[in-house]
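Below you'll find a set of structures to go through.
Okay, so chain A shows up in both of these, paired with chain B first and chain C after.
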Partner chain A sequence: MYRQILYVQWCALRLPVVLLGVLAFALPLLTVTYGGGLEGAPPGQVAQWLYAAQQIGQLVPYVAMLAGVLLGIGSWAPDHAGKHVYALSLPVTRARYVWLRFAAGTTLLLVPVTAIGIGALVATVSVRLPSGVHAYPLALTARFLLAAFVCYAIFFTIAISTRRAALAVLGGIGGLLLADAVLWGFGVGATVTPTVFMWLTNWPGPLSILIGRWALFDV
Partner chain B sequence: MNNAIETHDLAYRAGKHFEIAGLGLTVREGSMYGFLGPNGSGKTTTIRLLLGMLRPRRGTISMLGRSVPRDMPEILGETGYVPERPHLYPYLTVSEATRLHAAFYRSFDAAYAADLQRRFGLRADHRISHLSKGEVGKLHVLLALAQRPRLLILDEPTDGLDPVVRRDVLAALVDFCSQGTTTVFISSHLVHELERICDWIGILDEGNLVAELPMAEFKNGIKRLRVVRAPAVVTGAPFVVLSREPSDGEQTWVVRGWEPRMAEWLSTANAELREVVDLDLEEGFVELLRVSRVPAA
Partner chain C sequence: MSRTFAVGLALVACAGGARAQTGRGAARRSHALLAQAQSLWRGIAVRDSVANARTAWERRARRFDAGPLTVLLPDAVGTETGFRITAGAAEYLRDALPARFLAVRVVVALAATGVDSTVRTERLRNRARIPVGVEPRPDTLADGWSVAAAVAWDYRETLDSTWRGWLPPDLGLGWTPKRDGPATVRELMRGDTRVGAGCLEGKVDACRLWLGLDADTEPYKVRYRPRELQALVSGRWFPTHQSAELAQQCAAEARDACLRLTSLGYLPPIPAGPSPRASFVRFVLTRSRPGALPQALQDRAGSVGDRLVRATGVAEDSLVQGWRAWVLTEGGMPEVTANLRDAWPVAVFAGLLVLAAARSGRWR
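Up next, the complex of A and B:
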């Protein structure tokens, strides 16, 4: 069953999965293009290169987020289109079917994760690093995996939920923005949205994995 | 004899204008049960209730001796379902859809599926999104039959198909049923289609079960009578008068449960029976609906 669901999901999502894989593979290699022949380079040049590596590294969480969002929503898209009639007529419990879909989506998520891992390793071995600079291919890959998985789980849950639940989430976000607008209108200094954003993105907030340093090369 | 489907006091409401109230269905094991009703009468909703896709507000459902929704996976493992509208994943090919389906059913007969695929003229490498409506309908029937189910639920399986495809589908269905003791529950608004293949019939109108009886009884028992000097009030008649209309000094009655010996009852009521006309299923169906829609006095 799992194999068939995985195949069905692969057929539906192969284009975004392949594109994400290519993007994830390319990002670490892009870092290297700025760093050729740095061994023995003056400190200013190394610092410039590290800054560039950091700038490129900032794109990595966005790719992780994109992978999670696309696969999370995409896992349910074929069933949504068929109003879930085919899925509901299959002889498995609803919980088992959800797990099958979730597991298949998680497996597909491993494509960009593996791609960034390979890209990071290739980038690491292809450059001779100046002293004091280290490469973190495994840490970057692990972080990418966690970030993509968190986003995948969130959007998978939103996609599977009823229209009412999805509207409640969107309504909540709209409510926050409205509350801020009202507070701003009354000249009150306090704001709600940044507070919630900080709570979500600072440890132990669920999105804290997306924030921080994502560079492949660092001191 | 056991019942393949049994519902008691089933109630469901969808919006403000549609309601199934107190539905009681009994489908005997091994029968071919035609579920007849006009468009919007609640046939598809009833089927979705049976399959556990919708939750009733009240009532109980039992299928193949098990309880819905508690034993749904076991029930669905032995139930083939052909939905009203195709719901297969359109990006899969015929063979991929068959493999996906087979993975979920232990009783799936791959050889029979291949045989049906050949008979239906379906090409294994064709994408579902590129198939015609008739071909998708055939594929749904193929998947349901290849499961070798104990119960087959078909929701308007031939609706919108051309006569050739319709004949293919019905022939495959009859052929399959002749091989075993599968119970078939087939919904349709095409009266003649059910007349040919079903041995039991249930008629649904506006969420209410208007009639449920053996097909033979339904076909033979509904007559149009021309009665002269008809009594003003019909009480104690051994048949059911569905409708009565005056015409040229006599009355035309549509009755149910008619047998020739019942002509005597009319004689004792001082009426004269001029003519007895057999009504076909469609006319009987229309009369039944007409009567069921007359508000109670």
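Up next, the complex of A and C:
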């Protein structure tokens, strides 16, 4: 059953998956377009190169988010288009069907993850780093996997959620903003939205993986 | 503007008066105009004096305390902001300066008025004043850093020449890993000196030389190579004819000229800039027992490194190694990581989401 679901999902999502794979492969290689021979490089060049590499590294979480959004929403696209008739015709429970869809989407997520891993390894092999500077191809790939996975899970759930759940989420966000406005109106210094954002993006917040350090080459 | 208008009106009235000598009615009119101008003038003067009195009242010095730190700020900053500034400054200075130094000083905002009377009534007459040039607006005072920096500057002046030559102007108390860490790391990576490059590679001796921790008898010789001194000279401005001439000779690869130039004191004897040295101060402050830094700053024997070793009880090489690791990883730039610590929140959150998705959905 898993293989059939995976095949169906691949047919629906092959174009974004391939494009994401190409993008993820190219991103680490961009880092080394500035040159690779840094051993004994003149003063200042290493720092500039490292700065450029780190700036490019900042794009990686965005690609991870893009992968998560596209695959998360795309996982349910055929079902939405077919009014869920295909799912209802299958001899499986809904819960099992959701898990199968989730597993199939996660499998497809491995394509851009593998691509960024290969790209990072190729980029690492092609440079001669000065002492003190290290390459982190595996750490970057693992971070990309975790970031893409959490985004995928969020959008996968949003895409299949009921209208009531979607309204509850939107209502929650609106409530936070309203609470901030009311607090501001009463002259209270406390803020709710930034606090929630901090909670989400600081460890052990689930989105903390998106905020940390993203660089293929670092000290 | 109104004052100018009134003066102009008076002049017109006078001129009108001169012209109107020909008729009685005209003279009366000019008198009336003059009286009106004088009345306007008086009104403006009263309004100005009221405004001045109000400004003086708003700017009158008010005392704020946080621990041993006492600050006189203009009343206009308000109670809450005043206490926030003072507490923020005290937090910056905590464990860095001896309490007895703060107990005999009072920080006075230059914008505050009536300082003498406040000092008298608050019994602060015996304290030396530290001026701080801040406007009575809360945003310029930020989090108390202006006050803390003024105190740090004042304290630095009381230290001996070894510390004054080594410490950054604000003692490095404002250095924060998040904000200043990258700049420190970039300076270390610049690799414009052999000792800097060696420090980046992890050589402790090179780090000591780069930071200027030891009392080297010939600092320029051991910390710089001749080529590095030449690079240091080029593009630098020298104020005297002699130094400019020596700089030219030095740039033209005359080694003796470079060494003579260093004796004039126009080149920095420490390769590391203020930011790395500030990071070292912050590292010592963060990692050693409370009171260690003030003890080191009060010590007047030996090199900077010797004093820090005596105060912290940690070997100099260990201190330097610890600082390097702190700046390059945790303090300044955390490593790129993806471990179990990063993974479990993601796994738990994703699992909960899928469970929620499996429980209810659009076609249930």
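Quick note on the criterion: the second predicted complex is superposed on the first by the 209 of 219 C-alpha atoms of A that agree within 3 Å, B and C clash if a C-alpha of one lies under 4 Å from a C-alpha of the other, contacts with A are read in each partner's own complex, and residues count from 1 in each chain.
Throughout what follows, contacts are C-beta pairs under 8 Å (C-beta built on N, C-alpha and C of every residue); 3 or more make two chains touch, one makes a residue touch a chain.
What you see is a predicted model; the values in this text were computed from it and never measured.
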Worksheet item: Just chain B (first), just chain C (second), both, or neither: which does A:Gly82 touch?
Response: first
Discussion item. If we overlay the two complexes on their shared chain A, which of chain B and chain C does A:Val17 touch? Say first, second, both or neither.
Written reply: neither
Practice prompt. Could you say whether A:Ala165 touches chain B, chain C, both of them, or neither, answering first, second, both or neither?
Written response: second
Discussion item. Under the stated touch criterion, which partner chain does A:Gln4 make contact with: chain B (first), chain C (second), both, or neither?
Written reply: first
Worksheet item: What is the contact status of A:Val69 with respect to chain B (first) and chain C (second): first, second, both, or neither?
Response: neither
Worksheet item: Where does A:Gly212 make contact in the superposed view: on chain B (first), on chain C (second), on both, or on neither?
Response: second
Discussion item. Looking at A:Val60 after the superposition, I want to know if it touches chain B, chain C, both of them or none. Which is it: first, second, both, neither?
Written reply: neither
Practice prompt. Go through the superposed model and pick first if A:Leu90 touches only chain B, second if only chain C, both, or neither.
Written response: first
Worksheet item: Where on chain A do the contacts from chain B and from chain C line up?
Response: 88
Practice prompt. Within their complex, state which residues of chain A touch chain C.
Written response: 43-44, 46-47, 50-51, 84, 87-88, 94-95, 98-99, 102, 130-133, 136, 138-143, 145-146, 149-150, 152-154, 156-157, 160-162, 165, 203-206, 208-209, 212-216, 218-219
Discussion item. With touch defined as at the start, can you tell me which chain B residues reach chain A in the complex?
Written reply: 51-53, 72-77, 81, 83, 85, 87-92, 96, 99-100, 103-105
Fill in: Partner chain B, residues of chain A touching it in the complex
1, 3-5, 7-8, 11-12, 78, 81-83, 85-86, 88-93
Worksheet item: Residues of chain C touching chain A in their complex?
Response: 185-186, 189-192, 200-202, 328-329, 333-338, 341-346, 348-350, 353-354, 356-364
